[in-house]
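So, here come the structures, one by one.
The same chain A turns up in both complexes below, where it pairs with chain B and then with chain C.
And then the complex of A and B:
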């Protein structure tokens, strides 16, 4: 069973090739041969993952930059990380 | 031992094998890409005949400093530093052509280039690239255009030399036969789509169209990063135009000429 997103240490999948182009992130999973473009606040979340972090650390990182309520950030970051996990752009560790 | 040298996309390949008949077949099939009297080859390929099981998917993986290429009835080990590749394959023209496409998808990464799913046309030393997947009209256009040299109706080599981008003929064609070996300066880029309207793409439209139509197999992260960087640079220089060549052929001719 994979670790829980809200408890685990979250890191970028080391297999993924990515590059910041203008204000977006272009990420390619070489094995899946899929191209992903990350926009807006997703870029901040991706940048927050420069070092592995837990969910609440990512939320804190985002709250520093965005004037939004914590509940909204919790929800948005959670949804976005689920998408990244489904696309295997991030890995989770206990 | 028999050998032949080919120049494809300004890269010289020296190919050797004990199977003289197969080398003769290569000389015949790739006659427009043969070279003689060159100062030094860029890459060496040694072909060993080997019956391999079918059903292998195409893959390119990095193992240590080597790359392992696999496909239907071929397997190859490429030592990049020695610029030497050992190919084990059925000595069959179709197997060799598939191998060569896959090999080029890898080596172009190191020669500032990519293989693009496209139709390449040349006229007066200027190149026009029509980028698109299968059934988007590349071969149909290749057969219909007059006054242009067809570089390929399936896979065209796009390379950068200093700050300029060039497109090159390849022996990786679709339905169009009789491609001659040429390289020309890239002048315009078109993206083939089903929409009848003509639309100018911005940087991102150009970037994504190029990236999704790049013929590429290596699973290595560094290779993918190089491709992304290269496509970014092309997309900064050229903004593609979306066209439907099947329904707007006259418009395409006009766009090229404008």
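And then the complex of A and C:
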């Protein structure tokens, strides 16, 4: 069973290639041959993952930049990370 | 609804972002191919130089980095280099002759996961392949590497330059690649050497064979369309001496990364600015040509043939004629 998103150390999948173009992230999964575009606050989350982080560290990172309530950030970051996990753009470690 | 990837691509095109770059890591090679366009010297980028270039490419917007040689696996630190480049986020492609890969290297390649590993294969027998590589035993090694990469699920791309010495092999190579489910490229163009020498052109296919090959290809590729080459726009190359070119087969120096930052060269080079302007404007000598709409003119070949990237060259005219004939017969 894969580790729980809210407990795990989260990092970018090292196989995924990416580049910041203007205000978007273009991410390529070479094994799945898929291109994904990340934009808006997703870019900040991707940038936060320059080093592996736990869920709450990512939330703190976002709270520094956005004037939004913690509950909303928790929910949005959780949903976004679930999408990244499903697309195998991130890896989770205990 | 607009497609967001389409919009991103349009941004890249508008800004001339160097999205895809070929980096020639070394000119050292363990083979001695009869048609090689490289100048035989020992030029090689050091790891320190590669790090500096890579950092500048990231800032300039490069995503795809194609590593070529010479032969990249002759480099002592190649694994460290690959891990480093992948760690920066590059989409890596590697071009190799496949003779120096072993189980351990392939295991590492699986972790690095390049999006393409192009392996040069000239024939399906030692006799044909080694007539071109001029190294005994090279066929067996290359062939084993292709099978091993395939077994590991890595994206192998067979690359075959067609010439007089191996023309009869191409249907077999195509069948072999299709059977293994591999991508393949059959390229019938031998270009002059980077120093302008035309000594290798004696291996070029005759016009008769080229016609035969292209007719078959046109039949197979239904969506053949004329489009602008990206060289100097979203595509570029850096040689093992740091020279920046619009394409690795278009050795027209627009700057040198040992003297200036790559991003600055790409954005500010006067030579590149004039080249883009000229291409965007269109060539007046082409607009009245009856072959214009059939022509897949390559500025690199034009430069290598005539030392002028904007000239009409014999091979382009011939290929356009063949395509015109084909289109007329099809109608």
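We adopt the following convention: the second predicted complex is superposed on the first by the 94 of 94 C-alpha atoms of A that agree within 3 Å, B and C clash if a C-alpha of one lies under 4 Å from a C-alpha of the other, contacts with A are read in each partner's own complex, and residues count from 1 in each chain.
To be clear about the criterion, contacts are C-beta pairs under 8 Å (C-beta built on N, C-alpha and C of every residue); 3 or more make two chains touch, one makes a residue touch a chain.
Every value quoted in this text rests on a predicted model; they were computed, and no experiment measured them.
In the model built by aligning both structures on chain A, chain B clashes with chain C. Of the two partner chains placed around the shared chain by superposition, chain B and chain C are both touched by A:37. By the document's definition of touching, both partners, chain B and chain C, reach A:19. Once the two complexes are overlaid on the shared chain, A:53 sits clear of chain B and of chain C alike. Applying the stated contact rule after C-alpha superposition, one finds that A:85 touches neither chain B nor chain C. By the document's definition of touching, both partners, chain B and chain C, reach A:28.
In this superposition on chain A, the options for chain C are 6-14, 42-50 or 258-266, and chain B clashes with just 6-14.
Annotation: chain A residues 14-15, 17-19, 21-22, 24, 26, 28, 30-31, 35, 37 touch chain B in one complex and chain C in the other. Interface residues of chain A facing chain B in the complex, by the touch rule stated above, are 14-19, 21-22, 24, 26, 28, 30-31, 35, 37. Those residues of chain C lying in contact with chain A across their complex are 4-5, 8, 11-12, 17, 19, 58, 61-64, 86-87, 89-92, 111-115, 153, 155.
By the touch rule above, chain A contacts chain C in their complex via residues 14-15, 17-22, 24, 26, 28, 30-31, 33, 35, 37, 39.
Interface of chain B with chain A (complex): residues 203-204, 207-208, 211-212, 218-225, 228-229, 232.
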